[in-house]
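Listed next: structures, encoded as C-alpha cells.
Okay, so chain A shows up in both of these, paired with chain B first and chain C after.
Right after this comes the complex of A and B.
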C-alpha cells in the first residue's frame, strides 16, 4: 500500500479556484491576449504593465488545436490514469486553453473536433475534493 | 577577449547504480584534465561553473569533489539547458578578462533520487493538468503532423539515425541499432511518441576547461575556439502561440544571435549536436536552426541529410536519444562531442573534415522554454 503523497498546496486552491469555477480569465489591455487562470500585473505576451486586471469570461465552447494521449501514468494525482487525453483548444470568442478531454474514446480525438468545458471532479488530495474544468466532446 | 576550450572529459552515460554523484564528477573532471595535450596543473583553474538541474542544491559540493577548495564556484540551473548555460557563463567570465582559466562541470544523477516533486506539483494545476514531459512535446508533434504532413515514420527515422550513431559511441547509454518498424511498434508513451521516440533516464557528468585564446597554445596546439553564443527564453504560460505549437521560437532567436556573433550562417556549420530529447524536438530543430524551411524537417531526415555521411551530420554522439540525457550534464557533453569532432578524435563516428560545430540545448517546461546555442571553431 503506497502512502498518498500530498503535492498540492491548499493556498493555491484557495487563490485560484474561484476564477476557475467561473472560467474568469484576464485580457491584456494592450495586445488582447487572454491569460488563464492566474492573475498578471504584466502581460506575459507583450510585456505591457496592466493598470487594472481586465476580466474576461471564457466561452466554454471551442475546437481542438492539438492533442496527445498519455498511455503511461502521468505526474500528479493518482486519479490521472492512462489512457488520458490532453488537448489544447481554441475557445469561441478567444482564449487558448489546455486541459483533460474526458468522456471520449482516445481513437476518436482529432484536430478541429468541437469540445466544451464542463465542471468536473479532478482529484482528491489532502482530504480536499478539488473540482475544475475538463473538456468533453460537443458532437458535430 | 577570445575564449578557447583546451580540454574536455566525460563519464560513460548510463545507469550508474554503482557510482555516486561525487564519483561521476570526479571521473569527468579527471578525464578533462587528462585530455589537455601538453599537461594541465589544476592549480591553473581560477573559477568553476557547475550545472546541475536537481542533483545538488548549491555549488559548494564541487569544491569538495574536485579539491579546489576556496575557489569561486557558481551553481547554475536553467532547465535542460543548464550545462550549456554553465559553459556560457564561464566563457563570459574569461572573455571579460576576469579569469584566465575556468572549469565547467555538468552533472546529473537521474536514477538515485528522481526530482519529481515540482513536476508532480505543476501537474496538479489546471493550466498544466496531468501532463508528463513526453506529453508536452507530443502536443507539438501532433500539431506539426497536422500542419506539415509530418509522419510517425519521419520521427522514427530520427530515432534510427541517432541509435545508429550511439552504437558507434563507446560512451553512449544505448548502443544498439534499431529499425523504423521497431520504433513504430515500440510501446506508445504519449501519442504520437512511442518508447523509442523518447530519451532515457541517464546518469552522467561532463567537464570542459576554458581559457583565454591567447594563452591556449600553452596547453594544446589544437584548441577549439568558442566563437558564438546565443540564449533565448520565452513564456508559453499565458497562451501558447501557433509558432510555439510547431517549433521553438527560442531556438530561432538563440541561433540567430550565435550566428551573428560568429559571423556565420547555417550553411557554414559542419557538425551539430542538438537537443533530441524526443524525436519531434530534433525534427523541429532542423527547421528552427535554419538547416531547412519550417515544415520540411521530415523531408530533411528522410533524405539522409542529417546522417553521419550527410551534408549536415546531426548528433554523431547518438544525441540524447541514444547517448542519454543526464539533464545538467547534457549541454557540457555536447561541447565535449564537438571539441573531439573538431579535433578528429571521434573514432568510428568521426565527421570528415569538420571545422565548425554547433551545439543546441533546450529547456522546456509547461510555462515556457529556454534555448541555448554555441558555435565552436577548430583553432
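Right after this comes the complex of A and C.
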C-alpha cells in the first residue's frame, strides 16, 4: 500500500496562510501594481526588485472583467469538477486577480457582474482542506 | 459601615456582576444586606457576594420584606445582620473610585437602569452590538428527499453546504459580516467563541481568529456537542466583556449537519452560520438578565465512528422531558430572578423545535409572541445558528424598550436570556441580507445532496 503523503505542514502552504486567509497582496514599491499572492521578489509589471514587501489588503468586492467555463476535467485535484468557471475580476480599491467562481450556474455569468471573494475549501490533501478565496456572485 | 442595597426584582445578578467585575470597581464591601420587595426565591446573598468578589465573608439574606426604603427597619436589620454575618475582625477593605465611595456611603439603590443611566453611574451593561450571517446557496426540497426514500413529507426546503463549504468557511463569512455590520475593527475583538455540533477537522476558533485578522493574543474558545453551546458562548462573552477583560467578543454559531440518510433529521437539518458581536457601547440589544438549567438528560447521542447521531425512539419523551422541561425551568427561573411576567415580553425566540409552542404555553407566553422565523422555513433547523438568525429576524418586530426572551435548548440543558431592545433597527442590514439569502438559491437533487454532504464521492 502506498504511503499517504501529507503536505499541509510543509513550509510552502504554511507560509501562504496569511495571504490566502486574510487577502493580503503585495504592492510594487516602484509602479504600484498589485500582485497577489505576494511571492514576487521582482515586480512582474516593471521589473523592479522589491527590497521589502509592501503589504496591501485587498477589498473582497469586485466586478467580472472576463471569464471562461471549463467543461473538461482538469489534470489538477479531483475536487476541481467541471463545469468550472474561471474569472478575472477587478477589485474595488485596486487589484485585478483571477480565480474560480463558485455557487453559480455557468449560464448566468456575465461580464460586469458584481462578485465577492469568500473563503472556500480549494482541495484536500491527506483529508485536510486547503483553503483559499473563491469568487461568489454578489447578487445585489 | 457601607451598605449596598439592591432590589432583587432589578436583576441582582447582572448589576452585581457589572459592579464587581468592572475593572474600575474591584471593591470589597464588608456587608451586603439584600433588601427585596418580593419574597426571595433563592439564596441571593452568596451569589451577589460572589459577584462583588467578597468571598471570605459569609452572607445571608436578611428577612425579606415589602418596605425596602424604610431606613429605621433597615438599620435594625443591619445590626441584626452584622451580628449574624460579620466576624469581628473582618478587615474593611474598600478601594473604589471616590465617586463610587460617595454613592455607597449615601446608600446606593439601583432601579431599572437603561444603558445610558448605567454608563452615567459607571456600570456598563454589556449587550449585542451587531449581527451577521451566512447561508449556503444550495437548497434541496424535502419532497426530493422523501421521493428518494419512498415516503411523503410536507413541502419545504433546507439549505445544503456547497462542495467547497464547511463549518470553517461558513463561520468566517458570518463573522466578517457581523464585524462589518457593527463597524468594529478586527483588532478590537479580544475573544472568539464558536459553537457547532457538526464535524470539524480542527479547532475552529483559532483559525477563524486568524482569518479575520484578529490580534494573536485574542482568546479563542471552541464550544460544541450541544446546540445550547451558542448561548453558553454568549454568556461567557458577556461575562468577559463586563469584567473588562476584553473590549468586545465575537460569538458564532455554525452548522453543516450530516444527518443519517433516511432519518427524519434529514428532512429538517439545514446549514447556516450566525454571528453576534458582544460589546459595551452602541448596543443594539442590552442584556437584562440570564438564567440556566442543566441536567444529565440525553435524548440524542453520537454513533461512534460515524458522523451521524441517534435519538431516543420515544419522541414524546424527548420532547416533554427534554425540550419542554428544560426550557421552562431556565425561563421560569429567569422570570423569578427579574420579577418578570410573561406578558411583559414582546417577543420570545425559542430554539428551533416543534415543541416551542408547548413550552410557551406552559410558561404562559401568548402564541402570537413566539417568533416564527423565515430562516426555519427556507433553511431548515439550523441548530447552533438558529437562535442567532432568530435574533436578526427580530430586528423589525421590536422597538426600543421592548423585552425579548432568548431560550436555547441542547443536550445538557437550556439557557434563557432576557434582552432589552435599544436600537433594533441597526440590525436591519443583516435582516436584509437574511431575506436575500432566502431568495438566492440553487436547487440540488438527492444524489447531489449526498455528494455535498460527502457521504458519496470524494472526501467520503
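Methods note: the second predicted complex is superposed on the first by the 127 of 140 C-alpha atoms of A that agree within 3 Å, B and C clash if a C-alpha of one lies under 4 Å from a C-alpha of the other, contacts with A are read in each partner's own complex, and residues count from 1 in each chain.
Methods note: contacts are C-beta pairs under 8 Å (C-beta built on N, C-alpha and C of every residue); 3 or more make two chains touch, one makes a residue touch a chain.
All figures in this text were calculated on a predicted structure; none of them were measured in a lab.
Trainee: Once the two structures are overlaid on chain A, check if chain B and chain C clash or fit side by side.
Mentor: The answer is fit.
Trainee: On the A-aligned overlay, A:69 touches which partner chain: chain B = first, chain C = second, or both, or neither?
Mentor: First partner only.
Trainee: Which partner does A:37 reach: the first (chain B), the second (chain C), both, or neither?
Mentor: first
Trainee: Identify the partner contact of A:102: answer first if only chain B is touched, second if only chain C is, both if each is, neither if none is.
Mentor: Only chain C; A:102 stays clear of chain B.
Trainee: A:122 in the overlay: touching chain B, chain C, both, or neither? Say first, second, both or neither.
Mentor: both
Trainee: A:51 contacts which: chain B (first), chain C (second), both, neither?
Mentor: neither
Trainee: Would you sort A:22 into first (chain B), second (chain C), both or neither based on which partner it touches?
Mentor: A:22: touches chain C, not chain B.
Trainee: Who touches more of chain A, chain B or chain C?
Mentor: B
Trainee: What is the minimum C-alpha distance, in Å, between chain B and chain C after the two complexes are superposed on chain A?
Mentor: Superposed on chain A, the two chains' closest C-alpha atoms are separated by 13 Å.
Trainee: Output the chain A positions appearing in both contact lists, the one against chain B and the one against chain C.
Mentor: 122
Trainee: Mind listing the chain A positions that touch chain C in their complex?
Mentor: So the residues of chain A touching chain C come out as 17, 21-22, 78-79, 81, 102-103, 105, 118-122, 124, 127-129, 131, 134, 136, 139-140.
Trainee: Applying the document's contact rule, which stretches of chain C touch chain A when the two form their complex?
Mentor: 136-138, 162-166, 168-169, 172-173, 201-202, 207, 210-211, 213, 436, 440, 442, 458-459
Trainee: List the residues on chain B that touch chain A in their complex, please.
Mentor: Going through chain B, the ones touching chain A are 116-117, 119-132, 134-135, 138-143, 146, 187-193, 235, 237-240, 245.
Trainee: For the complex, give me every residue of chain A touching chain B.
Mentor: Those residues of chain A that touch chain B are 5, 7-9, 12, 16, 20, 33-38, 40, 43-45, 65-72, 74-77, 80, 84, 86, 88, 95-96, 98-100, 106, 111, 122-123, 125, 130, 132-133.
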